[in-house]
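Below is a structure I'd like to ask you about.
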């Protein structure tokens, strides 16, 4: 669209939010009118542990410039342990992406409770800013181009 | 252990003894104060305005020099400590000030608040330890009842200076105990003496000082100690009535460590 | 001369204080050692800025009575920092031409033998530009 | 192919002011599967819901997308509407275009664009939705109340009166809570003990109520209707069955200099003690940290003097495991520590006290037997100063951001009681605002001023300076007179902020109940579901949810009880149908899913399968739908993708990702 | 080798096992392939030499379904895979009679060819009984020799050890071959700049022809149906060059086997394009070791895998950025 080419770069950002804490935190950011860029689109999942690394890679493959996963704080998971598994999975996935040369600023995990509307909004603002500074995500898309 | 040392203007003139006793005591305690070269006066008052840059540069120079030497920066005068510590915080956390100051200074490597600023008392508490100090005391000041006078510059704003509890500080009291004397706790030890206005509003600063002196002597202090040349001047100058002697804490430290004589001779 | 609105904005900008955070509890005035010498009291500074009555503020003798002791800043439960407002108002005055509060020729009579350098230095910083 | 209807809500101007709803409708119509799209003022209203129902019938819709507020708000509403119109409720998806869009964006074009994308994602998901049917689980007809203060007691009594068994777990040796520490209660000035003690007795005598004092909740597992709770009964060192409550042991105990918690440390107690005379149960405990027998092995005086032979030094902590259908949290509050407020000299002077300490001093059973006197020298005060909002309404890190709500009223009460009993004592109150909403509350405060002559000064205190003569010099401000005030006082009382009892954090974690930044438990909805936690089966009673006075606490306790009773009255509960499901043809039988399941909901069976004509017995994962809570941990752990989550399937989430990134 | 054959025949004859799973000679001197041996005469083709790199553990999944026990020859590193398969209930221990065969390092024909040795007719010195010092190669162009170690597979240079983790009996001697650090190759990539890393992997991955050899040989890739072949993730368009799997296949495959991969190195061995695929798996193993403590998949049959486990104070994903 014209807005993307003409004006500043507007990244596509997918945010996976767990239903119990982070999605509610995003709702609180909304009801407190704490703004963050419209570039962020939230997908509701029951728990951070529902997020398959394949979803994240899929998003990148389909043109996302950044993917963020938000869940309950460790110890506060609605399902007790979900975010602990998510934490290990994401640590390894992010490390792998870093290993293959994808900028590590494009991925992030943040624990946001239902009460942390402010944190949700500042996190999103920061993350969008970071991804904007990295520019369009070309590496993941190009990884397999034949040369 | 070597520290970079920022004496400040008054310690070179009216308060030479504050400086001399500190250096002698440091030697006795096994650390060295290495005066930084080409230090400039800090200005004596922290410029609160968010748009003040030029007035902060002298502090930045001192901070950067310590950084280049890889040393912590030690201060002695309360005002210098206050100014340098707050400027350091600006350089660390205020993006705008940091950028503009660095643009102006054109340092080889930009300064971003890397230096740790320590007051001499903090060195005693956090690096030497009051227990160790106590062991090194050769001439304890037994029987002396001493009121600590903190004033405002060392304590506030506490979130930034992180010196001690702003309303109920204990560092100088602990120091007094370490040198063998008895601290006298009185409520106005953290009230301002009005030092800054003592030039033009002499009556006002007199009221402030009287309140402090009355409180301290009311609780039985024989003397006050301070780290601030301005407080010392003001308390001596502006009070009448229950007037207690005021000393620099370093003088008592030197005395307790048995190095006071050597300073006096020098 | 700037409009009062612009001056108020300048004070807010220089001080970095948001007067809207004030809940008007008066703890600043309760803490201020110079309270009795001030014509405009510490807690009122906030409302003067809010009401854009900068004229009264810059002509207030309170500017010169503030000790910069930060008791108000330390104790403010709302993190408003009234002391910074006062300082910003003082800056507004001394940065104006002819706004100096201390003249060089006043100094000799103010001096005494024990007077520490830093008092003069800081007085210059506080009272003139 | 689905036949999807899209319904875009204006939410008055909440959405429509920032999102061009017509445009969203127009764009939605172009999405695959969408056969109907419309917008309406309030989709959640009766009229809005009928529009949905009509469209379902007329357009033979198989799926719905509602673009509106958060699904946490109205997903259930729209699902029920769909169900009434004959559509499976799980064929409904909500696109959150209010909280996640219109409320946070200002630019209409940008917000509209985002709303369209959010709608698209929901449409893409619905295209893959399948009808789901909830399962059923049984309800254990027994409730647990955590905390034995007035909130817990009232909740327990109400539940018990409805005929259900209730257990109260209280961590201190007696039930009664904070209210048992109070002297009089506002605005009626009736004696706290006189109204509380009968309730304590009633609870302890109730055949349906079982009280575990000196006990703590150790572990919670299970889910709504079927919780399993481990309760640690701490060793009391006294046999509850044998003890007659004669009190001789406490009299004879030689270790007497232990800080008395019940009196807020204002005096001391023996090592074997009951916290107060009306304690229930009236059975002492031995404070092992201070007991000479436990410290040195020598003493044993209490055992010698006990006629009943009830002292048992060998007693050990006991863990009980119980089943409950509902859990009510009633953990109450404490006052904050005052270490950050040394300008008021709380740590420097014994005569600067908190209001709760004054409560003990004024109480006939307190450290001074009810005489108003200074804790430093026992002298009767002539001038008393009260300081309000100490640690409340603070934006900095020192205190709490909220109003503690009860202080204005209890200070008026204290001032009035003092002026009534000691008319020669001058009472001054420094306040920021006097907040007295409540029946007869403002009248009460006015009486303090008008009839009892309490001196209310609008302004704060900056410093309390103890003087050499033992007086306290109070430096404050009178904002009405615009004067700084210096006054000497004999006692200063700080209206200290209250905070949730520190134990609540651990309990909330065990219950997976959410908690806010101030450690208050979060309610499921601030207006519409104020006594329920967002976690099903957990209810909130009293100050653990937010500051409250006694009447409010009691009403909330009753409300929590009603909600719990409503749950216990059901024989069965519908379970969440969004559970994991294993595709037996893809399952490797590797047990990875079983390892990560927090509910033990996955088991393995040897099952004969027909894989494209090949019949063989395979080890296959089977999900117990009653136990599965639908977290999805297993779905990611499963290497073959055999395990999927209904309602949040891999394909559904990928469809959303694709729609957003398109 | 003869001892092994004799023992196998003996066990077949006395009915202990119903078949033997081993390697039979291929059409070239260096390409033996896995095979079943059920009758005495089948053993004519039985070989066990330096070219028998193939890991037979995975074949035991199918063999476990057959009637009677299967004798399986496992090299030390293969036993890790077998243990891991037991842990995942994919093989039946009771259906296996494991002969732990000795190993002196396995050979990589590509390395020999890489030395310029072409037209190979026969190779000696690769027998299990040999000293494994020198290979003598008869070629169309005459006899060539090379050092055994120089011709070894990468994985043998970083061998996990010559101890069999599970067996019924042991036959044949082993020789330590480890002469390099296992994670050095990963560390070398970690030390690169993001641009270099990206260029490295782009170059390697662009060689992939999606033949699935890596997946088919991998003992951890034992799913009945791979996610790339099912419709569970909308990810099964095999032919499409630009599709999801084409770009992400190897990362996802590595993630799926993370915590389960024993680092047997078969993926790299069989890759017809010579992509060093083990570098993905080994990266995960290195991270797991660093973040969650040393863990070797297949070391035992009952410990919890690192991705089905956690501690309360695990590192946060932010470590990746902090580490720089």
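A, B, C, D and E are the chain letters, set down in written order, and residue numbers restart from 1 in every chain.
Heads up, the rule we're going with is that a residue touches a chain if its C-beta (ideal position, glycine included) is under 8 Å from a C-beta of that chain, and two chains touch if they have at least 3 such contacts.
For clarity, every value in this text was computed on a predicted model and none was experimentally measured.
Engineer: Provide the labels of all chains in contact with chain C and in contact with chain E.
Structural biologist: Touching chain C and chain E alike, sorted by label: D.
Engineer: Note down the smallest number of touching-chain steps it takes to go from chain A to chain C.
Structural biologist: 2
Engineer: Without counting chain B, go through the other chains and collect them into connected pieces.
Structural biologist: Without chain B in the graph, we get one piece.
Engineer: Give the chain pair, either B-D or A-E, that is connected by more C-beta contacts.
Structural biologist: Of A-E and B-D, more C-beta pairs in contact link A-E.
Engineer: Please identify which chain has its centre, taken as the mean of its CA atoms, farthest from the centre of chain E.
Structural biologist: Computed centres place C farthest from chain E.
Engineer: So what's the Cα centroid distance for chain B and chain D, whole Å?
Structural biologist: 48
Engineer: Averaging over Cα atoms per chain, report the distance between chain C and chain D in Å.
Structural biologist: 46
Engineer: Once you find the CA centre of chain B and the CA centre of chain C, what distance in Å lies between them?
Structural biologist: Their C-alpha centroids are separated by 24 Å.
Engineer: For chain D versus chain E, what separation do you get between their C-alpha means, in angstrom?
Structural biologist: The separation of the two C-alpha centroids amounts to 55 Å.
Engineer: Name the residues of chain B that each touch 2 or more other chains.
Structural biologist: 166-167
Engineer: Counting only residues that touch at least 2 other chains, which ones in chain C make the list?
Structural biologist: Those would be 71.
Engineer: Identify all positions of chain E at which a residue touches two or more other chains, and write them in rising order.
Structural biologist: Answer for chain E, listing residues that touch two or more other chains: 227, 233, 307-309.
Engineer: If you go through all the chains, which pairs of them touch?
Structural biologist: A-D, A-E, B-C, B-D, C-D, D-E
Engineer: Would you tell me which residues of chain D are touching chain E in their complex?
Structural biologist: Residue positions touching the partner: 583, 585-592, 595-596, 604, 611, 616, 619, 637, 639-642, 644, 650-651, 654-655.
Engineer: Quick check: in the complex, which residue numbers of chain D touch chain C?
Structural biologist: These residues of chain D touch chain C: 343, 389, 393-396, 398-399, 432, 458-463, 475-477, 479, 482, 484.
Engineer: Quick check: in the complex, which residue numbers of chain E touch chain D?
Structural biologist: Result: residues 65, 88-90, 222-227, 230-234, 256-257, 260, 304-305, 307-309 of chain E touch chain D.
Engineer: Within the complex, which stretch of chain B touches chain D?
Structural biologist: 159, 165-168, 185, 187-188, 215, 218-220
Engineer: In their shared complex, at which residues does chain C touch chain B?
Structural biologist: Chain C residues touching chain B: 13-16, 33-34, 37, 64-65, 67-71, 73-74, 83-84, 87-88, 91, 101-102, 110, 112, 114-123, 125-127.
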